[in-house]
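Paired with chain B in one complex and with chain C in the other, chain A is shared by the two complexes that follow.
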Partner chain A sequence: MIEILSVTGPASIQDLGRFDQYRFGVGTSGAMDDVALRAGNILLGNDENAAAVEIPMMPFRVRFDRNIAFALTGAAVAAEIAGRAIPPWWRSYARAGDILNIKAMSHGARSYLAVSGGIDVPMVLGSRSTQFRGEFGGLHGRPLRVGDILPCAASTAAIGELGIEPAGITLARPNAAADETIVRVIVAGEYDAFDATAQDLFWSSSWTITPQSNRYGYRLQGPAVKPKEPVEKRSHGIVPGVIQMPPNGQPIIQMRDAQTSGGYPKIATVIGADLWRVGQARLGGKLRFEQTAYSDALAAEDEMSAYLDRLRANMRLVEETRTCR
Partner chain B sequence: MTVPDRPRISLLGTSALLFEAPGAFDVAHQRRIWTLAATASKWPDIREAVPGITNLMLTFETPPRQLDALISALNDGWDTAEGLAIGGRQIRLPVTYGGEIGSQLQSVADHCSLSIDDVVAIHAAPLYTVFALGSHPGYCYLGGMDPRITVPRRQTPLQRSAGGSVSIGGSQTGVSASPGPSGWHAIGHTSWTFFDPSWPMPAALAPGDTVRFEIERVIR
Partner chain C sequence: MPIETTDIARLAQILENSGVDTIEIEEPGLTLKLVVDTRPRIAASASPAAATAPAADHFVTAKADVAGHFRAAHPWQDKPFVAPGQRIEAGAMLGLVKIGLLYAPVVAPTAGIVDAVIAENGAMVGYGTPIVRILPHAPSNPLN
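The block that comes next holds the complex of A and B.
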């Protein structure tokens, strides 16, 4: 078990998400940075869909009540276990009574604490992810609080420390400036409702991520991008990554806790391979959109899969080497 | 018109695709959407076929390498889809119009150049059909609203609107199942449980069910 000693923002239990309940109005939820969640679970030899703690603000402190392996991935953080510093994207081992202290976050927006065997909250509608709007999943369908006890499925077998290269380095975009996140998007249904000037403005602007950005959506600020004439759509399904353009011309990127349907015009959609980059973009930071063809978006997903495949293969090698010794 | 409008098909990134049927926002078109949804949900690589308002979202198990075959199948499926008449349940929902939660009642009346009593009477008159579920757990989109009380969605969506809000967005109406962000205008509220994840079917209402609003009270 893990006891929460200190929590600052809305930390929550998330797995990869709840993907087949749209017809009941239930969105995906799930880790905002699914690459980091997978990497943490791979490090621990867990099922990649095992639930972890998503931590959006520091400080965050927990106490382990048993010997257990854990991993920290996602945002770059200053963290210590029993007073020893933990490098980024690292698997460590806690002894019963040890305190994990994540003090600060220097890059990125969300850190993931995965434990051996995963956080063992009940599956609800096929997932352990917290559904805030529906108040179910995760731990009682709500953000974590001080004093919460998280059950762990874990084996207590001791495993050695080990690190991997963060996805942000391996999958870095060549043209990204410091403090600006560039994400690839595919144009969406109402792109042509905007004239060439408005479209240019959408591509050329460096959008500011406003403080009203969270797991529901990222509300951006910049020059108003308005369609040629007002668009009122009949409500239709939307997915995380869809960029809606409300009448005020300020884009909203739908994120993991987004509504499952909407009617504002959609100018584009962030591709699956880049959605985690949005999840790691900080409030007050900048975002820029880059147009991508569907085939290139699939190639980008292949590149991400290849990165995860290498992680899996390397982990297997490491474990085999250890067993042979 | 000699050439009928064709459906619109657009991508939602790499994880889903949207099919929008041509024609009116009515039960006849919606019944064809239900049929197409039932058909498409059995196709390979399709995770879910999710009806919207005269449209259908397909989410992908894995993104198809080629989209042409899927697009053709959708177009053919639409052309041959017979309306699926779902014999649903009929629900009566008592509504308090106006008040703190239904605070947009007056502005909706002003926008439509109607009195509050007119808006309430017009809103409560039809037998609505549940066209689709969406937005948030258990929320129902209702078809059948009188176009006289059409109001465009908000310029900027609200961060939080109350659970049980009865609201209007464009030419649609619906009742929220829980509190959350909304771009619609709340004109009243109801206390009813629309969703419980422990139920065998987690949502209380399903497409094809019908809803009648009963005027419990009007707060001016």
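The block that comes next holds the complex of A and C.
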């Protein structure tokens, strides 16, 4: 078990998401940075869909009540286990009573704490992810609080410390600036409702991520991008990654806890391979949109898969060497 | 994977650094055997090794236990894991060896004070390559 000693923002339990209930209006939820969640689980030899703790704000402190291997991936954090510093994207080992202290986040927006065997909360509608809107899944369908006890799978034998190259390094975009995330998007249904000037404004602006941004969606601030004439649409199906343009001309990117339908015009959609980059973009940071063809979006997906495949292959090699010795 | 001449040069360097005198690599259609000449060299023997030997005995060396590229700092962190003069505990992390996408830690075998980081950042290291020289805490001469 893990006891929460200190929690700052809305930390929650997330796996990859809830994918079979969309047609009933149940959103996917799931880790905002699915690449980091998979990587943490790969490091521990877990099922890649095993549930972990998504931590959006520091400090965050937990105590382990048993010997257990854990991994920290996602944002770059300053963390210590029993007083020893842990580098980013790292697998370590806690002894019963040890305290993990995640003190600060130097870049990125969400850290993932995965444990050997995964966080063992009940499956609800096919997933362990917390669904904030519906208040189910995860631990009692709500953000974690001080004193919460997270059930873990069985304790594990001691396992060596090991790190992996963060996805942000392997999959770095060539023209990315320090505080600006470039996000590749495909134009969406109502793109043509905007004239060339409005479209240019959408592409050329550096959008600020406002404090009204969270797991539901990111509200961006910049010059108003308005359609040629008001677009009135009935509510229709939308997915995480869709960029809506409400009447005030300030875009909203739907994220993992998004509703399954909406009526605002859609100007573009973030490609699947870049959704984790948005999930790691900080409040107050900047986003810039880069138009991408469907084929390039698939190529980006392949590139992301190749990174995860290499991780899996490298980890298998480590396990084989261990058994050979 | 074909073996390049530069790989052979690097392997030879690793053998020499780690004190291993022979390695044989066999792959389908290819056998490579490297033997390092470990006989004392005339020119080298001219330097009075005895003068530095006793001092060197005080040190403990942290070595790499896998082959890869040495990293003195995590790529997301500016500060290296350790610097000369720094006091460390046994088991402290001294650096990383990068193999593919993996970062294997180089760990301090003993508590003490870092005397020098011997391996160069980014250098290819192998099993047994000295990474960090440590002046251990002597029980008879407590430093704290």
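Quick note on the criterion: the second predicted complex is superposed on the first by the 323 of 325 C-alpha atoms of A that agree within 3 Å, B and C clash if a C-alpha of one lies under 4 Å from a C-alpha of the other, contacts with A are read in each partner's own complex, and residues count from 1 in each chain.
What we mean here is this: contacts are C-beta pairs under 8 Å (C-beta built on N, C-alpha and C of every residue); 3 or more make two chains touch, one makes a residue touch a chain.
Owing to the predicted nature of the structure, the values given are computational and were not obtained by experimental measurement.
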Combined model on chain A where chain B meets chain C, clash or fit: fit
Touch test for A:270: chain B only (first), chain C only (second), both, or neither? first
Could you look at A:85 and tell me whether it touches chain B, chain C, both or neither (first, second, both, neither)? second
Please name the chain, chain B or chain C, that touches the greater number of residues in chain A. B
Touched partner set for A:305, first chain B, second chain C, both or neither: neither
Just chain B (first), just chain C (second), both, or neither: which does A:8 touch? neither
First (chain B), second (chain C), both or neither: which does A:204 touch? neither
A:170 in the overlay: touching chain B, chain C, both, or neither? Say first, second, both or neither. second
Have a look at where A:259 lands relative to chain B and chain C in the superposition and call it first, second, both or neither. first
For the overlay built on chain A, what is the smallest gap between any CA atom of chain B and any CA atom of chain C, in Å? 26
Write out the stretch or stretches of chain A touching chain C in their complex. 76, 84-85, 87-90, 106-107, 161-166, 169-170, 307, 310-311, 314-315, 317-318
Sort out for me which residues of chain B touch chain A in the complex. 8, 10-16, 18, 20, 25, 47-57, 59, 63, 65, 67, 132-139, 141, 152-157, 159, 169-172, 177-181, 183, 195, 197, 201-203
Chain A contacts chain B in the complex at 19-27, 124-125, 131, 133-137, 185-186, 188-189, 212, 216, 230, 232-242, 246-248, 250, 252, 259-264, 266, 269-273, 294, 297-298, 301
Considering the complex alone, what residue numbers of chain C touch chain A? 74-77, 91-93, 96, 98-105, 107
